[in-house]
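I'd like to ask some things about the structure below.
Per-chain residue numbering starts at 1, and chain names A, B, C and D are given in the order in which the chains are listed.
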Amino acid sequence: MPGSSFGRILRLTTFGESHGPGLGGIVDGCPPGLDLAEADIQADLDLRMPGQGGASTKRVEADRARLLSGVFQGQTTGAPIAFYIDNTDQRSCDYADLASVFRPGHADWSYVRKYGVYDYRGGGRASGRETAARVAGGAIAKKILSLRGVVVHAACVELGGIAVPHDTVEAMSAISRPYFAVSGAVVPRWDARVEEARNAGDTLGGVVLIVARNVPAGLGEPVFDKLDAVLAHALMSVGAVKGVELGEGFAAARLAGSQNNDTLLPGGLFASNHAGGILGGISSGQDIVARVAVKPIASIAQKQQTVDKDGRPAEICVGGRHDISAIPRIVPVLSAMTALALADALLAQARIECVR
Amino acid sequence: MPGSSFGRILRLTTFGESHGPGLGGIVDGCPPGLDLAEADIQADLDLRMPGQGGASTKRVEADRARLLSGVFQGQTTGAPIAFYIDNTDQRSCDYADLASVFRPGHADWSYVRKYGVYDYRGGGRASGRETAARVAGGAIAKKILSLRGVVVHAACVELGGIAVPHDTVEAMSAISRPYFAVSGAVVPRWDARVEEARNAGDTLGGVVLIVARNVPAGLGEPVFDKLDAVLAHALMSVGAVKGVELGEGFAAARLAGSQNNDTLLPGGLFASNHAGGILGGISSGQDIVARVAVKPIASIAQKQQTVDKDGRPAEICVGGRHDISAIPRIVPVLSAMTALALADALLAQARIECVR
Amino acid sequence: MPGSSFGRILRLTTFGESHGPGLGGIVDGCPPGLDLAEADIQADLDLRMPGQGGASTKRVEADRARLLSGVFQGQTTGAPIAFYIDNTDQRSCDYADLASVFRPGHADWSYVRKYGVYDYRGGGRASGRETAARVAGGAIAKKILSLRGVVVHAACVELGGIAVPHDTVEAMSAISRPYFAVSGAVVPRWDARVEEARNAGDTLGGVVLIVARNVPAGLGEPVFDKLDAVLAHALMSVGAVKGVELGEGFAAARLAGSQNNDTLLPGGLFASNHAGGILGGISSGQDIVARVAVKPIASIAQKQQTVDKDGRPAEICVGGRHDISAIPRIVPVLSAMTALALADALLAQARIECVR
Amino acid sequence: MPGSSFGRILRLTTFGESHGPGLGGIVDGCPPGLDLAEADIQADLDLRMPGQGGASTKRVEADRARLLSGVFQGQTTGAPIAFYIDNTDQRSCDYADLASVFRPGHADWSYVRKYGVYDYRGGGRASGRETAARVAGGAIAKKILSLRGVVVHAACVELGGIAVPHDTVEAMSAISRPYFAVSGAVVPRWDARVEEARNAGDTLGGVVLIVARNVPAGLGEPVFDKLDAVLAHALMSVGAVKGVELGEGFAAARLAGSQNNDTLLPGGLFASNHAGGILGGISSGQDIVARVAVKPIASIAQKQQTVDKDGRPAEICVGGRHDISAIPRIVPVLSAMTALALADALLAQARIECVR
């Protein structure tokens, strides 16, 4: 209940601060008999490393996940799967002066108000570093999804105000492109936009597209745990995310019903997918399509006005190595959260399938 | 876990189909000693009745909530509070032909795929009628919020593609306007738009603004149960909602960090509120501001192509009395869900406050 | 979380005070397609009525359960199933003087300390009347169990200190005997013991045996949610229960390992069942056997010393119509709780079975 | 939901097998600002080490807990607290032959039936080694309890059929005695009983007394999450536990109501404590008193009949280093589970206290 767990049947619980000894998590509820190796997790963690594009920090983070339990002879046993990632590159000294002032746009202020105390070294639990545990958990979720052929794709479709027209199918190949871009053609323009922001000591936001394919119809629970509600929860829980939409999303608000309804065709098909693959909160069998708004990173290389712990006006210049945008590193994180939500829904549906 | 409950400490569990005997719910976890009467719940239920504007159905629904437990001598006792609303105006005959064909844009298809069976009379649990129980539960949540002076406002800021420029302060008076409009000036234009859609046998979507005032700093839990994530879950769980954004939302994706950061001022104030009152998933003490995209109602008065239960092409004309837009009736529902999420977060924070 | 819900996948949430308008509950998570009628619930509720033996009150309670949702054309739909029972025979006047003094052995004292307020009319949520909702919920759980042939039997094996030697097989026919006695021979002795207690203005306790047959092997979750732990939770949650043991229970503490181990035989059989059907917290396929200690009813027809709300010494004579023993009326309640725990475990196991 | 978590607000989630790399857990929900060091956890872990009496194995296990998160500058921050204990003395070879036969009285059989696969090396999650993580979690819970002066004592009151008359007050000093015995006088007799069992290649059970002092009145939730129900869940979830009773427990079944009721006295006192400190499921302010039945260890140094994985008759002699009794090592584990349950209840009550 205190917020470090996600999922009902497949439940990920995470721990760790950016500048403590390390971080990790426990995935409870994974079915037995799945092939799982550290390499499966490492492959996804590597996608979160800097280097997918010009927007990320040069800080070298060698995230190495170690499996601590739940796997025997290369297979899951049904026991909780714990993983651990050492913080090899923690340098608290970078953050020493943050003990006395609040960084604008960061969680410093709200955490102090919540807890009375604050681990100011790089944000503690509010650090983006926390997302490594999500990616590791998501890698396990993807193993479960693969039992039914479900695949989650994520792609950047807008960066720094430069959107790129796209088809959801293009998300499938984004993993191999810089920025996990939905289209290769936009990359040079995004490179220039990032460079421009870097020179201005500023940061950028963007929009990420999520497409989940082969999701069986029937996932999600009516009323409060609709599949789109749980997905919104999952995606919005990632730091820097300020908006989530399904299918047409905000554009649906401007369509007429006759435009927005998806005509059903024989064979379980639909003439369109304005709904984004979810009807009444339950998956329809179409691709699940979501878009996520990512705000610009709050740590900018500019002098900013703020207040100190005593409420007095202060000036701050957040130093250190910071990314220009949460994109592309947030992309595998959003993909992981989608996988966790879908795998949980898949296992929840088993209670009904088994009765039939 | 099967989806009919919302909240962790203050938990609403609902039941009821649109065409069964009635609907209701149980609010568990309400603190003792609060004044509560049926009239408190009725006041909010009345806001959900047709008549706030031209967009809603003429069907007369006299939703009368009866309190069944948890209140003694006019005060809550700490016991679960149950309420019940009779379905006085159920006419299953209207829906008899829906037993054989799937309505486009409705949950018929996905429910059948999920459960194998389907209560086709008006949508069962997928009916908008389910939201009456949310409104009743929200009325109880508001009683808890009022202990700390927290107030939730909701206003329609866009209908049928006609957006209205507004200040979040204007949401405070929307409750008294047609459509719960954020501004009175737009009402005639919306009236015309609704009339136009009605004549075309079509339906409209819109956007609702939520503003919660006096929310204390410190609410929400880090990582997975961030306050914005829980709000997104709460709001997206309402039928017809296709998108949720906090603060600048999708617009934040186009701002630079230097524009989007809110400067902290002495006295716990901020120079702006791009964040929408939430930093790192924890309330900052500023107004919480969210916007919700509402799709056009799927039941249109036009002939539509679809398939029948055997997968053969079919034609459908959804008769009956239907609203032109989920706005304005969805507005008090979104307000209720916001209140439920905030009251739950408020009670969750007690575990920390009491230790201090 | 505030205590009115039981179960993870099949979740019963109850409400209602003994002297309010009525009581009821919601069963969420019931699979679709099960035959369910009000008569199914009524049959179990009738077992809880006075008249199974000499130990219960003469008060006439006509508990009539009404189904409010979740059933369509005689079958469950997967939607939450709500039921409601009117309190037809509430007479608050009987309890008026209880507003000022605490009854020994009752929850008055601890509820006031917990909530600050107290619904003193017959105990509110602490009344035995609350268990009617458990029995109704249990009737639904039994429908699910019957899909796999699981049956729950409960029998009284000791009353007022008079124990009866028995075989667990005899529990199967207890439903038709006075006191739900495990053996007919003991009934006259129990009758005499009850009469003796009644004449003394006193009350009696006893022991109830639970036997669940045909439980498939593999139910229960390792570590914290072992099947025996969940059963202990379920059974101990019933008012008046002071002890729960599985298999040999406390007697196992006096056995040597060589005596207590159950030898495995070919064919999934065991040479004995000291374990009570649970090994390492997981069902073994043998009968699940539990015993439950029931304390004597706290309301005795004798003058008792106590204190009033202001802490001053006071005298109390709890009048009204009260049972001499919680047995036999608690027997169907314990049976219901066992069924709820087992049905939940059965549905939880589906997540693993479906993968295989 | 899959069983590796305990608690609602203070939630312990554990992982690890007896013969994997190590084990550990995450405590989520701990309030900020508590002093916490590895030494606090180590002190309790050391109580679980062999050496408290003659009944435990000579195997040297150096359980060293390392804190991985949630503590900054010696104080809890409100973030999840992770701890890890390396398995330094794992010798899988001891268990190689267990891959083919089921050990009587162990979880091998039921785990294989549940999961299809089985980590046979020493029991995997069913190993008693799992309890080290409970003890570590309990040490954190005790820190929270100490804020209100709550202390949990546990003592062995019966071993191998030799019970010792005792007063609950004596439990306070048991920590310093062999077997955590409730009285020093019985120790030589227990020593002789253990030696006798060891010579016979057999094992022993016993009974443990739990006494929690200074528990404030008002803890526990009515109906399903009564404090005694949650304690029964907590205690019964420990391997080898076969029975739990509160206060008089099974003896209460033989008392008359006039004997069992505890008379209330002025000043919040009671004339007796038959109830064991819980009335109507809510703590009364008296000492909470529970007794727990512990079965004899299933691994005996005798040849036993069983079946192999293919269902054929087989013979087994469980070698390796095994304890003669789960006592005394189970004693700190039961103490830890009690502390976890009480700390959770204490934090849950905050929601009501803060409103008052």
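The definition used in the following text is that a residue touches a chain if its C-beta (ideal position, glycine included) is under 8 Å from a C-beta of that chain, and two chains touch if they have at least 3 such contacts.
Chain-to-protein mapping (UniProt): A, B, C, D = Chorismate synthase.
All values reported here derive from a predicted model rather than from experimental measurement.
Interface repeat of C-D: among A-B, A-D or A-C, over half of the contact pairs recur, by residue number, only in A-B.
Across the two interfaces under comparison, B-C and B-D, the one joined by more C-beta contacts turns out to be B-C.
Centres computed as Cα averages put chain B at a distance of 38 Å from chain C. The centroid of the Cα atoms in chain B and the matching centroid in chain D are 45 Å apart.
Counting only residues that touch two or more partner chains, chain A has 1-5, 8-9, 14, 29, 32-33, 78-79, 114-116, 125, 222, 348, 352, 356. Under the stated contact rule, the graph of chain-to-chain touches is complete, every pair of chains being in contact. Those residues of chain A that touch chain B in the shared complex are 1-6, 8-9, 14, 102, 104-107, 109-111, 113-116, 123, 125-126, 130, 158, 160-161, 197, 200-207, 217-226, 228-237, 239, 241-250, 252-268, 271, 275-276, 278-285, 293-300, 302, 304-307, 311-313, 348-349, 352, 356. Every residue of chain D that touches chain B in the complex is listed here, in rising order: 1, 9, 29, 31-33, 78-79, 147, 222, 347-348, 350-356. Within the complex formed with chain A, the residues of chain D that make contact are 1-5, 8-9, 11, 13-17, 20-26, 28-29, 32-33, 66, 68-70, 72, 75, 77-82, 84, 114-119, 121, 124-125.
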